[in-house]
Amino acid sequence: MRFFSDNAAPVHPAVFAAMAAADAVDAAYDGDALSRALDARFSALFGRDVAVLWVATGTAANALALAALVPPHGATICHRDAHVQNDEGGAPEFFTHGAKLLLADGPGAKLTPDAVAAVADAIPADVHRVQPHALSITNATEYGTVYTPAEVAALAALARARGWGVHMDGARFANAVATLGCAPAALVDGVDVLSFGFVKNGGLSAEALVFFRADLADATRRRRKRSGHLLSKGRYLAAQLHAMLDGGLWLDNARAANAQARTLAAAAGGRLLHPVEANELFLRVDPDEATRLRAAGFGFYDWAPGEIRLVTHWASPPDEVAALADAIARL
Amino acid sequence: MRFFSDNAAPVHPAVFAAMAAADAVDAAYDGDALSRALDARFSALFGRDVAVLWVATGTAANALALAALVPPHGATICHRDAHVQNDEGGAPEFFTHGAKLLLADGPGAKLTPDAVAAVADAIPADVHRVQPHALSITNATEYGTVYTPAEVAALAALARARGWGVHMDGARFANAVATLGCAPAALVDGVDVLSFGFVKNGGLSAEALVFFRADLADATRRRRKRSGHLLSKGRYLAAQLHAMLDGGLWLDNARAANAQARTLAAAAGGRLLHPVEANELFLRVDPDEATRLRAAGFGFYDWAPGEIRLVTHWASPPDEVAALADAIARL
Amino acid sequence: MRFFSDNAAPVHPAVFAAMAAADAVDAAYDGDALSRALDARFSALFGRDVAVLWVATGTAANALALAALVPPHGATICHRDAHVQNDEGGAPEFFTHGAKLLLADGPGAKLTPDAVAAVADAIPADVHRVQPHALSITNATEYGTVYTPAEVAALAALARARGWGVHMDGARFANAVATLGCAPAALVDGVDVLSFGFVKNGGLSAEALVFFRADLADATRRRRKRSGHLLSKGRYLAAQLHAMLDGGLWLDNARAANAQARTLAAAAGGRLLHPVEANELFLRVDPDEATRLRAAGFGFYDWAPGEIRLVTHWASPPDEVAALADAIARL
Amino acid sequence: MRFFSDNAAPVHPAVFAAMAAADAVDAAYDGDALSRALDARFSALFGRDVAVLWVATGTAANALALAALVPPHGATICHRDAHVQNDEGGAPEFFTHGAKLLLADGPGAKLTPDAVAAVADAIPADVHRVQPHALSITNATEYGTVYTPAEVAALAALARARGWGVHMDGARFANAVATLGCAPAALVDGVDVLSFGFVKNGGLSAEALVFFRADLADATRRRRKRSGHLLSKGRYLAAQLHAMLDGGLWLDNARAANAQARTLAAAAGGRLLHPVEANELFLRVDPDEATRLRAAGFGFYDWAPGEIRLVTHWASPPDEVAALADAIARL
């Protein structure tokens, strides 16, 4: 009974079916009909013109996004706990040729305009200091909390006022939208680039890098190639994205994952370290308790001393979730 | 009837089946059983200990290989027509942080020890000149010719004598092995890193980066992550590689592609610009003739004024190949 | 009466004289006799074999040092207030091709083994996290405090135990040695590379990059060229270094600067934010008081709200220092 | 009697005097009056508004220029024998983060529009191929020949028509102007950035990076800092440039060097491999003859089998030049 990560979830059958169907398509790279249809498909979803590139990983999506917004001599402001800072092996620095990440604080891995301004205001504009060029936020956050549309808009307005770009790491964007019940477009007001995740949500190897400023897409196509991310059989990635959008599968899957997390949250009660607003839970669990949970067959990661992380996904077996909820309640 | 590229070939059913079966495997990144079995699997194939990483593209494989062999202030010697120089959007320079490619000549995109030595000997050892640190050769080459085991060994010996690493771009390594009828190991004598291609040969999105010097693999694992190439659902890539090795599928597919190319070569006769030793043909065809072939329903790329390229693949329909052979013969 | 920075101090006459004398020397780059004598000269100073490269700026020295110790996918641990983090426009990231700086805390811009270990211990060894490869400390520090030989050795021992390299930013190394009264060698126990500063201390444009591990110097010579730092008339830089070492001028100048700082410190009393152990003072001074000091003709930088920085140098006019001391005492 | 390189020439006394006078100036970096006066000074020289940054080496000047014109995923077209390709240790690739240099041919290290167009026209615009973004030419060239104003303008017009930037490596710009007798402005028609060399021409450590498009200067100021090239005592570099412009010293020195070269050229006659239009000579001299010249006390570099290079400079002793001319004539 594995609650390690949504990264390890199976692939949705509809995704496999779409890939098999792509066998009939036969142009290489992103010249095929499925890839070429992505702009229109996501433009319809967001109700505005967007340019969309498939990429195989969220790390590549995030790093390409930052490279589109920040010159090598610039910086991105992000949360101290951001995935781009901690979990991508230095990919942002690689793709941006060494631009810095400047770290701001906030509970639940969420930034506020005040926290961001405090970081920026401490930096004189001279050449000795690296200057911010972008703000990167994660929604849902690394701690399973969610920025509301108003919170995103406020941060984006601050960035805009200072001439920065705005990136949203949406590895779990679907989970955020599912929780908020808003239109996708409502959650990206002022965002320039969205890493729209599908792999954790039933996909196999396709994320969508969504540019709300189409002028940023052209150089990114070159950076995608230059970083080895232009797969020759791109049609099988495009097919995954189409399958996920068909009939709102992306949202159904996210709702399922979130529901399972809420079940666990209800059992966890006062052990919760952060509000459960997506599909991740962070619990106060002492080492002895963790040992007992593991002995009962549950797999999960320790997060910090006395803390564990649980992650549900679109295909988490309800009986396993129920069993874990029960085990937590009985700790 | 498309003869543009083996990149656009369909995925072999066995590959899809293996991917579907990987749904039952559930560790993320490369921690799953399929990924962890790759070293042993390829070690058996080559009859010696190798370390193997899956990557999604040949460009990533090549660029990671060069980054393992060449420091940013160094250079790689390769053929003027090498894929790494011309067709990867600058990926080698990106992954190596700006190491240079030094270009040597030779017919059929093949290098000789003399040609390589001539480039190297012209470079004084001082700090003003960028020094060679690696040799990169492609087998089968960009012009569909093949290095024999003896030719590879002679080049590798030269490199070794000068303290350089040796990389082989094996995007069509299978086609070369199929043509030569040798053991795979015989074709990599002295090679440090092989980009072993599967995508053009029936795979979907998995190439094998094979390190014959295992000490080079560790830092490469970090570079793979840092470049966004550590897919979270890596088991589906590992599954592809296993499927291709099962029962020698990789070799069967390459033999099929090569046989189709030979059929076309027989029809092309004196039009051939290079010996046909793999699955690519370069033909002398004037613009009027090219127009007639296209009018007859055949798709292919112009390569240079008066030259066209034809590529066959594992699934090239025999009737289409026969039709094209006939059309060429009647030009 | 300027107390902005020792960067703006004049050049010592002996330095100019040595440069003029170098006119008679005539090999380019670092092939001249003066440049070639640096290894021996500094080896004598430190009582052990060192390899020395001149560079024109402390920023280049620091960044080349880090590039010698840290791969692009690695990290350096340094103090949150380190010059490499805050004041070099991203040079460390440029020269290391994007290696990260991981920030640790400590009063007076000084690190302790505990603070460093706390940063490192929070980083799992997996490929998702960038791993530390070096420790960088500054002596004298950015707040004008000094690491003792024992403190340096303890930090270096920690680094060594974890397999990291050790860099010392010694932009004001002379001031630290002057304060401690120790042998230079005593202050670099366990250090791999020292950026030995002379420009703030009477030089014009030459710092010494001192490698206590000579194996690191060769690639650095290539990086120096590649970064445009191999001046063609290097003999004029080497001449500066020789002049600074002649008769212990470097130490005399540092003692003079430190003495002036102590004069100011005595006047500042309880306003001091950090111990004055070199030639920088940080004072608690409210805006009104700062205005009065400026009105009296004293120039200096605001450092933070309610804080000012004062810097003395080898040629600070004693009467100006006395006047400032008096003005501070009367605030 | 050394004819190795103008790099090894002494510093002109007026340059030293100006540096000594800069002792009275006391703002750090480029905030001093001398540095701030450079824009106006060079604007007057060129008769149009320019932005000027001092840098310590020609390599840094060239690499910063290319970084201002070419993105990491782009390329510069230059001559196969260009200094940026062969003699800067990979600095262009370092500063541009791996942009490629694409090599064109032409006698005397000179490019023609046809040669440049041939390189560019062979590159499809797709993402697989790195695209040209700039043209870099050297005047005087690496073989001591000179582009006329009309030749520069024709190349620049081609570049402009294709949307590329134009860089001129003017390490010996003074020698070219001296030979042509034209206004400096006449020789930079269509040029965006000029590396204006002074170090080979009597300076010590200051080159002028001249931006004819001021919008390129701002990011370059950050790159200069980030590459460690913002010297803290920049006033001593600015002083050198002012001294070189005072009274046309730069042109006097270049005329002197050129005159000496012409003396040698007259003696060399049919041995000359290239026209002597600046201060470098390339002579056909067999090994035995070279040995005899060296035995007679003349120092110089072998350039290629059977070829030697001789370089004169502003301070080449006329008697030594006469002696060498005589020795050559008597070979």
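For clarity, chains are labelled A, B, C and D in written order, and residue numbers in each chain start from 1.
Basically, a residue touches a chain if its C-beta (ideal position, glycine included) is under 8 Å from a C-beta of that chain, and two chains touch if they have at least 3 such contacts.
Not measured: the values here are computed from a predicted model.
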item: B-D or A-B, whichever has more C-beta pairs in contact; value: A-B
item: Chain whose Cα centroid lies at the greatest distance from that of chain A; value: D
item: Chain centre separation (chain A, chain B; CA means) in Å; value: 34
item: Length of the line joining the C-alpha centres of chain B and chain D, rounded to whole Å; value: 42
item: Chain A residues counted as touching two or more neighbouring chains; value: 72-73, 88-90, 94, 97, 127-128, 222, 225-226, 230
item: Chain A-touching residues of chain B, taken from the complex the two chains share; value: 2, 4-5, 7-11, 16, 19-20, 23-24, 26-29, 55-61, 63-64, 88-91, 94-95, 199-200, 204-205, 222, 225-233, 236-237
item: Touching residues on chain C, where the partner in the complex is chain B; value: 71-73, 97, 127-128, 131, 219, 221-226, 230
item: Touch list for chain D against partner chain B, complex; value: 72-73, 75, 86-90, 93-94, 96-100, 127-130
